[in-house]
């Protein structure tokens, strides 16, 4: 496959983009892990490389593994490939060194250029998409790592302007009926977005924008974290077990008010930006407090597709009516737009078929005990933002860029 | 409310039925708890009584609580009512004595007769339905308690006939289309079965009967418990954590073959009866091994309603095509019919409204991280078996009477 | 062995005494277990019986086990005998029934009469001593079981007189020198009290009585539970983990003051009686707060032996200078005398030889990570109170009848 | 204090020695933590610096803290100084960077030169001794970190000669009597070695050398890890919980035999060298298997002092009769001499007085639930090897350089 080809060109561009994300980090930042769900940045760099090696190169005659032990160290969860190093111990590994991981990246990139042929187009595309998913995870993990450090390091210096007051939150009506969902285009889509199929929706309404930090603060100040009747039972148990009293990264100041930990360091809470880093329990409780509910994934998708027929509504530069008031210029700004929790458990679509081969474990085996999130965040690569994209996390997940959009059934109509 | 009324008559009948279920138990059996999900039989007797006291009597002028501390001790999970004793410690309570619990039952029954009026009909009905649900739990919990005792006590002596070879498992086709689901009748239904609404189904097939123990054994003997590719990721983690190698209550004999713990004591495994006490992960893995899947709750419900237009298909005495080969004469026989795992996470129906008042916590707050089961078991009171009934448990649940029905999309048609 | 013999006579007397201890209990009280260290009363009754069966009867030709499964169920920790049921699950066993345990007791007692000969004298003596140790454990466990029940049951109704103000706590001097410790008499002693050997003591002083509840309250009111510098590191960790703020069984009243849970139910705290149910960390911290320390086991033993040359100083009816002010008429009174924590880790005496055979596991294998307690409590059978007796528990143990005596080096003399 | 003074000179020498120990490490190795008991090398470098800053500089007028947050981050456990970062999370801290820690070291060293006066001699000495203790911990922690990495890094390349067969293990007799123990010299000693006092010993024997790996292998091959009767009860629980089957760092080869992880990487097990990295339970079980026991700390100390009247028996270059067969040229060789487990729980000496001030927490608060080890290892700074030195660790500790010397009572003499 020659570099001039679009696919290979995108491969190198994505690989480079990943490395540019860790450029602001010190070597020490690359190694640590602050909770089981977080991976050290170094691990992301190596695992995305392992993905290309495992799903493309390993089968090639003449290809020699960079280091056989990496098969084990950088396999995330592919049982079909073999055993893997425990996820919650990744931060105990000082070796391979960062320089060795970088050499691994270069070695595999070079090999892709030499070995990958037309027959690898699908795998190469999957590897590119996979690496882009890890680009967002790199940012969420770096933020978590920095947030847990009493020295509160800064990923990227920036002076964030205060946001303007957001427009009134209004409820936009959508028609029901039999509607098509799932990916129907000609580009790449994950197995979990397919097959395209029909669902029946009752008429519904969605909020014109995400819930703001100020609105969420009103919920807190109304005693929501002390009122079990607002919470799902598992959510209330989670509150009691963790003692959580505010969204992750909010810190109450002695003099009143809140600071928030961001990729730009600790900043004053901006009440006009969307609330971020809430988990499903918090999003669900907030909606109940508002007398509303969270949208289903299909309500969200149908509305998004309608408003952005291209299916890639971010391309237009606006995100209306899903857009927040925040400008999107800066990656990783204090409050970005957020993934939006839906009330839909993550289950397979009718006639779902996993990717073939070992990649079949990519999505399918996680289809229980998780919820679907739709949309994207400012950490999401642009071409991952499409109406059919299904992000998913367990209900207690806070460290993703996740926020709240509301839904209801509309007037008595 | 006078006893002659149908409702009050049913109240006493159900109360009596509960007590007849514990009649075979020794006093010691009433007290113990073998895991957090199990409650001591004594606790079920008291909690169902507490339910009537709390939701009907407590509001009545002139009613005096039997024992104020019972508000705390026998509240299960109603935050709106007040704090409650920790669920996993119920087996540490030697007091109140069984005789005191029985006196509590009599006291409340008498008070219902004296205090309950027409305005309590809905609450009384709910309390009756609630107590019937605990009748099944009594049986599942007694079985668990006895199964963990090396002396393997017998709940009810019985000599079970060997079942005949089950009929061939065939796949019955059902049409798709926009179909109505949820309870639409005039009798009682839980809030979670409502409101009745429409769903869109693609054509599908359901297996003509439950999976048999013999079929499940073939899955085991094919190495299924050692093959991660058959399992959901959470299911594989559950297997590794617990070391499970067979359905709960199966015990491998030194000479080969299996015995099963039942309410009739340990008996030889009957390969012709439905496999029971499998959890969602096992049901899902079995279906995958078969090249099939589990049905959704709506596929199940539509098929059931079609075959049994009354909505109470057990009334006819047969359970076709959902029936197993087992006779139903005996409550708690070795292998009864089973609740059937569906692939549907337990979520609210569109426009779901919880019961009003404190009973609003009955179902709604559990609508996350659980799966819907349909049908009923031989431990289920007959009038709880209806197409719209939604039972629900977390995926790892084994100690309920739960089995497997298969689904697929049918031929290329 | 005929009943007339002293030994057999004592056997029956001790067996009867055990049963009289559970006489005030309801059947339900016999079954439950409130923490891993506590055993259900029923279990004590069966285990002490198992001891005679295992160490005497099982070897006898013609003896038939009462129930073979009891070998497993009522073995406490004797690896040499075989596997044993998990200690922390004893409260999950509803069977054998209490009536069956009583039949087991009668069966074994009868068999002892028929089978035991002169050659069994040592084992019979050990079994008697063992059962007496469990008599105290029965009381400590019943108290714990009742204390955890919101209905606060009463083991024995009694109206406790308020104690008189205790005499001034003074420090009594003892000479140092080479002194003999360990059991040197002709009666029974445990292997861990032997062999008698010499130790070198520096001159020391012991407090004239146990620390009173009032004195302990002063320690609490001085902020001791918030001052890490008073505590051993493990003790401070224990405080932070458990949130303990007072001795076990003390409950702060809304109106101020404390109630205490006792075998006579909840009673007002009597400041004049010895503080009880403190663990080693609390005893050690109190002593540090007083500018003193806990005695070593040898300092305690030498002083006791000196004051009570008989070695059985309780026989005199007084406990001077070790006596508290409390009268001893009532077993299980609100505050009894207490076992006294020493600063001595529980280690073997020089040339220690465990009992022979399977009984070798009786004491020896526990000689690490525990502390020695000396003296006895009002729950201790009288003939177990001797200067050389070594009780032992881990440092965090609170549910025993354990109190505080102080020591120091005396004046600059 | 001018640099020419002996004390300040030693300060700089020790500081330099610490840094030379991390010289072979990569930056990534400095950051990670493989279990709660292990600290990242970076942390050791910072904490030893914090010690000088906290106990000397902080009080000085004109001294400015390098970074106020370090008070919290690098406090190990001194409650009197203030709160401290959780020990088990040290490996989650990417900041401060290694370069910043090095700057911290230089800053504090410079300040010591400028601020420390004669009045600080005791604190400076303590800080030096403290840092030397951490030099050994650096080596034990690096070994643990490398041992857990599948890439098995090497701390120091070396080609170890095979050891000669060790001399026969004989038992050397020592007289009993009243003997003096504890530090009586004029140099530095820790508070826990004092005061010097007399103890009474019965005659005893100690083994002429440490137990070899070959002897320990015989114990393993005799089924010791499967025989509960050889183990303390807590030790048997530890075995069952962990599944341990051999000393830490031993790895069974598929073709038979063992490799051992060392600071020189993985090497073949040398049966002639002392067994190392056994915990107290293993040492105790081995001694029992041999029909012997472990020595008390005083038996060990009296014997050592007798053989090496200087009290610094390593100075002579030989370690007879305590010496192993291993040469001592290389620091961190595959099997060094080892700290020797004693049967003595770590308790205060009579009339023990902790260091004054905040340093009072140095040793005293750990005097429960730990055992004393005597001697030293090849990781121990030479001037820390003295007869009175008391090292201490909990019984389950494996990752220290810890081995076995035997004791008994000798012939019937």
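Just so it is clear, A, B, C and D label the chains in written order, and each chain counts residues from 1 on its own.
Criterion: a residue touches a chain if its C-beta (ideal position, glycine included) is under 8 Å from a C-beta of that chain, and two chains touch if they have at least 3 such contacts.
Predicted model only: the values in this text are computed from it and were never measured.
Trainee: Give the fewest steps needed to get from chain A to chain C, where each step moves from one chain to a chain it touches.
Mentor: Steps on the shortest route: 2.
Trainee: Between chain A and chain B, what is the gap in Å from one C-alpha centre to the other?
Mentor: 37
Trainee: List the centre-to-centre spacing of chain A and chain D in whole Å, with centres computed as mean CA coordinates.
Mentor: So the centroids are 46 Å from each other.
Trainee: How many angstrom between the C-alpha centroids of chain D and chain B?
Mentor: Their C-alpha centroids are separated by 58 Å.
Trainee: By the document's touch rule, what are all the touching chain pairs in this structure?
Mentor: So the chains that touch one another pair up as A-B, A-D, B-C, C-D.
Trainee: Show me the residue ranges of chain B that touch chain A in the complex, using the header's touch definition.
Mentor: Touch residues, chain B against chain A: 77, 79-80, 178, 197-200, 202, 228-229, 231-236, 280, 284, 343-345, 347-348, 350-351, 360-361, 365-369, 371, 395, 409.
Trainee: Inside the complex, what are the residues of chain C that reach chain B?
Mentor: The contact residues of chain C facing chain B are 26-34, 42, 67, 69, 72-73, 85, 89, 91-98, 145, 148-151, 153.
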